[in-house]
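Shared chain: chain A. Partners: chain B in the first complex, chain C in the second.
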Partner chain A sequence: MLVWSKRGRAGAWLVFGILAGVVYGLPAAVILCASLARSWNGVLPSGLTLGHYAQAVSGSSGAALEASLITGVVASALAVLNGTAAALALRRMEGMPRRVLDAVFFLPSAMPSVSIGLGLLVAFSRPPILLNGTIAIVFAAHFVLISAFTFGAITAGLARLSPDYEQVAASLGARPIYRLRRVTLPLVLPYLIAAFSLSFALSMGELGATVMVYPPGWVTMPVQIFGLSDRGDVFHAAALTILLAASTLAALASVSLVPARSAAR
Partner chain B sequence: MGESASGSASGSALALARPANLPAPSASLAPSSLGIVPPLAVLGIFFFYPFVLILGQSFFSSHGTLSLAQYAEVLGTGLFRNALFHTITITLSATAGCLALGLSLSIVIAFVPFPGARIVSRMIDTFIALPTFLVALAFTFIYGTAGLLNGAAMSAFSLSLPPIDFLYSQWGVILAEVTVYTPFVMRPLLASFSLIDQAEIEIASSLGARPFRILRQVIVPAALPALMAGGSLCLLLTTNEFGIVLFIGAKGVQTLPLLIYDKAIQEFDYSSACVLAAINIALSLGFYALYRSTLAWLGKRGAGLV
Partner chain C sequence: MNSAAARGIEAGSVDSQLADLAAASLAKEAGAQGAGGIGFEGVTVAYKGSIVLADFTLAVRPGEVLALIGPSGSGKTTALRAVAGFVRPVAGRVSVGGRDVTDLPPHARGIGMVVQNYALFPHMRVAENVAFGLRARHAPETEVRAQVESCLAMVGMAAFGRRYPRELSGGQQQRVAIARALAIRPDVLLLDEPLSALDAQIRHAMIEELARLHRSLPALTVLYVTHDQSEALTLADRIGILRDGRLRALGPSRELYRRPPNRFAAEFLGGANLLPVVIETPDAGNGFSEVRFGTTRLRALRPEGAAAGETRLLCIRPHNLTFVPGDPAANTVLARVHEVRWKGELHDLTLEAEGRTLRLASVPLRAPPEPGAVVSAYFAPDEATLLADEGDG
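Let's turn to the complex of A and B:
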């Protein structure tokens, strides 16, 4: 306790409450209210409606919801696959090569998302690989952007893993592939699920690279929300934003459930 | 670069290989470090190849000759100078704001805890994963021309024009970025505060030190490394922020990422976009190097942060 006087403490809490309320509480409340409001002309919104949510799950917004979910699942699955392969291989290395490769796999997180989108656009609009105008280029953009975070989450999980189990398995004569499948992967599964959820959450909110590369017909939720709010259709945008935030939070909440289960096992 | 690194790595693994029935050190559990090749190849195709092409396009003219002419041309435009000015102003102001707000909120959470403070600190990780433009959209409802503050002010003082218009200047962008990126400062700060012995503070205050003196002499010095880590991360993220600037759409407030988007998508001017992207990437890598070296320095001091 830093502040002992009752008055001082109340003062500190008041300042905290006002700051946190204005900076964080107000924006969240406002979007939630707008998504449910019939109209908003004065200080407070008027009329309660679920119509914006009905709009948000049908038509072009419904398609955006689907595109985002598919993109999130595909890109996260690819990132977990690639990140697991990289993290497992890097665990065997030491010294300089490991440090350099570690940095290499973390590098995408240092890149501006718009520039990653531009790079993909430049690279895959020409032979030998033509992806521009396809859905695959959106998957690629999301994969690159989340790959460093996925890799980081898996590396952190592997680092917590005691090598004892694998060494026992090895000393009992288990072959590497068998050991990987029956010992290592089951042990790191909670971390893989956590990495997947984090990747999915990040992919759902990705905007900078997506606006650079998305083909017509594959509009993700953030792009759709921008389009709606740009056209002034802000209530519809607010409802779609709430759905986006809810799916992100649901993905993250699943993370907090996983370690508890694995600890109980 | 990738090939030589993985080559030498597989060499070291071969040297370490030993029969499976011996108690093996962890370094020899894998069949071989060649396993790094496929993921590295994937990253090479989708990340390094596009990156090299951006650099290539920025240095080669349309006739295929190496020149700096494109840089000279882009750097000379008012559009670029305007974008660079706004990027730097927004980056520095937003980072300063994040440090101030993050430090204040973290001090209360850690040292003047209230019921529910733990829940708040756990919510920070969730905030970090939410899309950044969410805040920009909320701000248009609150501070926008037709937003609730302007609505209230106009009806209260019977004005005909909305009196609050800071949202459509760079201040709107800065305020939104402070909101979004403050949690990135609070995370390492709260971690470093949890390492401070609370008894140290209680002894100091029982000896008569006032809260501000304890803040100045105990808490802030202990928080300095975490502030540096969080601050350098904020520099990196605010430089590259795109969604907030796009959503607020303030006239004349253009940053480098937004200018790249405009050049490539609105004007199909890929060569200018590549020059701008190369500059943005250089700036971004500089801040990233700062962030990583701060973390490495923290790691040496044994503070398990971030």
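Let's turn to the complex of A and C:
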């Protein structure tokens, strides 16, 4: 704490609270109210209902929640796998090749999601690889979009790992695979978890690329919400938004419950 | 040191079978080929083009404790890393137990290594840490358990198997790191400044403990890296002194201390007094030479190949100088008292003679002299050596 006096600290908290309330709280509160409103014509909504939620977990909206969760898990898992492999491979490299490859892996984070969606559409709409109209192209879009962040998080974790652990393991007779499994990966597990969480949260909220590539039958939550609000079905969209946020948070919370013992450093 | 050359000479003088025998025994003597020794032959290591270990040749004999000392950055850790296989020499060979390991990956070398900050695996309990090497080799579980138990007992940590490393003190972590290295039954143990992270009190106890450990494992070859000369003098059979990636001196600890081969060894090991002198009489009888320091005539051990008129450095250990309050007698240096430091029973003195500083350590004095007083400092001629005056050493 930089502020020491009791009163000063209380003041700081008050200012922080008001700012946080306006920036985060107000929109969330409005959405929450809308999701529960039967109609909203005046300043405040009128009539409470859980009907929108019932609608949200059934039919096409229920399918959207499922599609989003599956896409998030699959794309994040692939990104973590790929990011770990890439970060491990690049770790021992130095100089120019390392900088070039680093840049390549970070490139997607600098690309607008719409460009990535368009790029995938153009690339995979004709043979030899035809992905357009399949679920795979959604996974691919999400994977491309989040892989840079995953790679960054894992690289940062590996950079903080002292080479001593692996060298001692090697001197004790551990072969590379055994070392990776018993020493390196357990020691960077906290970073893998963080990378997965970040990827999953990004994937759950992804709209720009998805909206360009999604096939019929694989409508993700953001696409569904976008469509609903486009058609003026704001209350239903609000309920879905709340559900999206809640399920993302729940998924992240369960990931963070992975035994912290191995994370101890 | 150069056993190959020695072998060559031997081979020329006797018939071939005998020569082979002699070569084998010489090799054993040199340690490089004997069971469990460590051999460096012309090992050169470079990081990004800058050489940090230059043409390093050293044979650690089986069962020996050899301390490698030197200032920070002199290449001590690099030498250990070359044995363990963490760094690849650009030239030269490394052998362990007579086996050339230069091209073997670290995991195939079977060496026990304790790094400077121990690097205990934080996600494993103490017992799992110690078991790691055996599990990596897929040893049977009963053997693993027995070996973990005995290794932990050996370092006095039997009761701590279920703790995590973070729940241990520095000294305890150190013991576990040693137990972990010993669990794979290595012939060779590499210790990189194992006591540097501990505070002075524990360090003293640990030196004793390490000495005891080696007595219980007499076949274990230990290469011990430290920048602390007292650790080296206490523990090591032989000491090698590194400077700027080069081995500057090597010898039995006592020998190296009493008769340092050069200026750097004299100063780094034991902080000797070095006085510039001129040789008057190279052979003054009884194995002594007579030298002149300013106008004072002194005696010291006769160096090899000394000629009258040559300049040398007279090397006297601070605790070999005693304080003579009375008249100047033989082999004394007249000096002015610069500083007197009282250390309980004993005193440390700094004197000045002919513009040179003389340090006296651990002198018992009833009435210490005042700074400025003129005194004479005596040393026994057989405790003073004459070193070549080679500039900065």
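Following the convention adopted for this analysis, the second predicted complex is superposed on the first by the 224 of 265 C-alpha atoms of A that agree within 3 Å, B and C clash if a C-alpha of one lies under 4 Å from a C-alpha of the other, contacts with A are read in each partner's own complex, and residues count from 1 in each chain.
Following the convention adopted for this analysis, contacts are C-beta pairs under 8 Å (C-beta built on N, C-alpha and C of every residue); 3 or more make two chains touch, one makes a residue touch a chain.
For clarity, every value in this text was computed on a predicted model and none was experimentally measured.
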In the overlay, work out which of chain B or chain C sits against more residues of chain A.
B
Check whether A:115 is in contact with chain B, with chain C, with both or with neither, and answer first, second, both or neither.
first
Tell me which partner A:165 touches in the superposition: chain B (first), chain C (second), both or neither.
second
Now for A:173: first (chain B), second (chain C), both, or neither, which partner does it touch?
both
Go through the superposed model and pick first if A:74 touches only chain B, second if only chain C, both, or neither.
neither
Looking at A:182, would you say it contacts chain B, chain C, both, or neither? Reply first, second, both or neither.
second
Let me test your reading of the model: by the given contact rule, A:104 touches which partner, first (chain B), second (chain C), both or neither?
first
I'd like to check the shared interface: which positions of chain A are touched by both chain B and chain C across the two complexes?
167, 170-171, 173, 176, 179
Under the definition above, what is the set of chain A residues touching chain B in their complex?
1-4, 8-9, 12-13, 15-16, 19-20, 23-24, 26-28, 30-31, 34, 40-44, 82-83, 85-86, 88-95, 97-98, 100-101, 103-105, 107-116, 118-124, 129, 140, 143-144, 147, 163, 166-167, 170-171, 173, 176-177, 179, 198, 201-202, 204-208, 211-212, 222, 225-226, 229-230, 234, 237-238, 241, 244-245, 248-249, 252
In their shared complex, chain A is touched by residues of chain B numbered 1-2, 5-6, 8-9, 12-13, 20-24, 26-31, 33-36, 38-40, 42-43, 45-47, 49-51, 53-54, 57, 101, 104-105, 107-109, 111-114, 120, 125-127, 129-135, 137-142, 146, 148, 151-152, 155, 178-179, 182, 198, 201-202, 205, 211, 214-215, 219, 236, 239-240, 242-243, 246-247, 249, 256-258, 260-261, 264-265, 270, 273-274, 277, 280-281, 284-285, 287-288, 292
Can you tell me which positions in chain A touch chain C when the two form their complex?
162, 164-165, 167-176, 178-179, 182-183, 186-187, 261-265
Enumerate the contact residues on chain C facing chain A in the complex.
84-86, 105-113, 115, 117, 119, 121-123, 132-133, 136-137, 164, 166, 180-181, 184
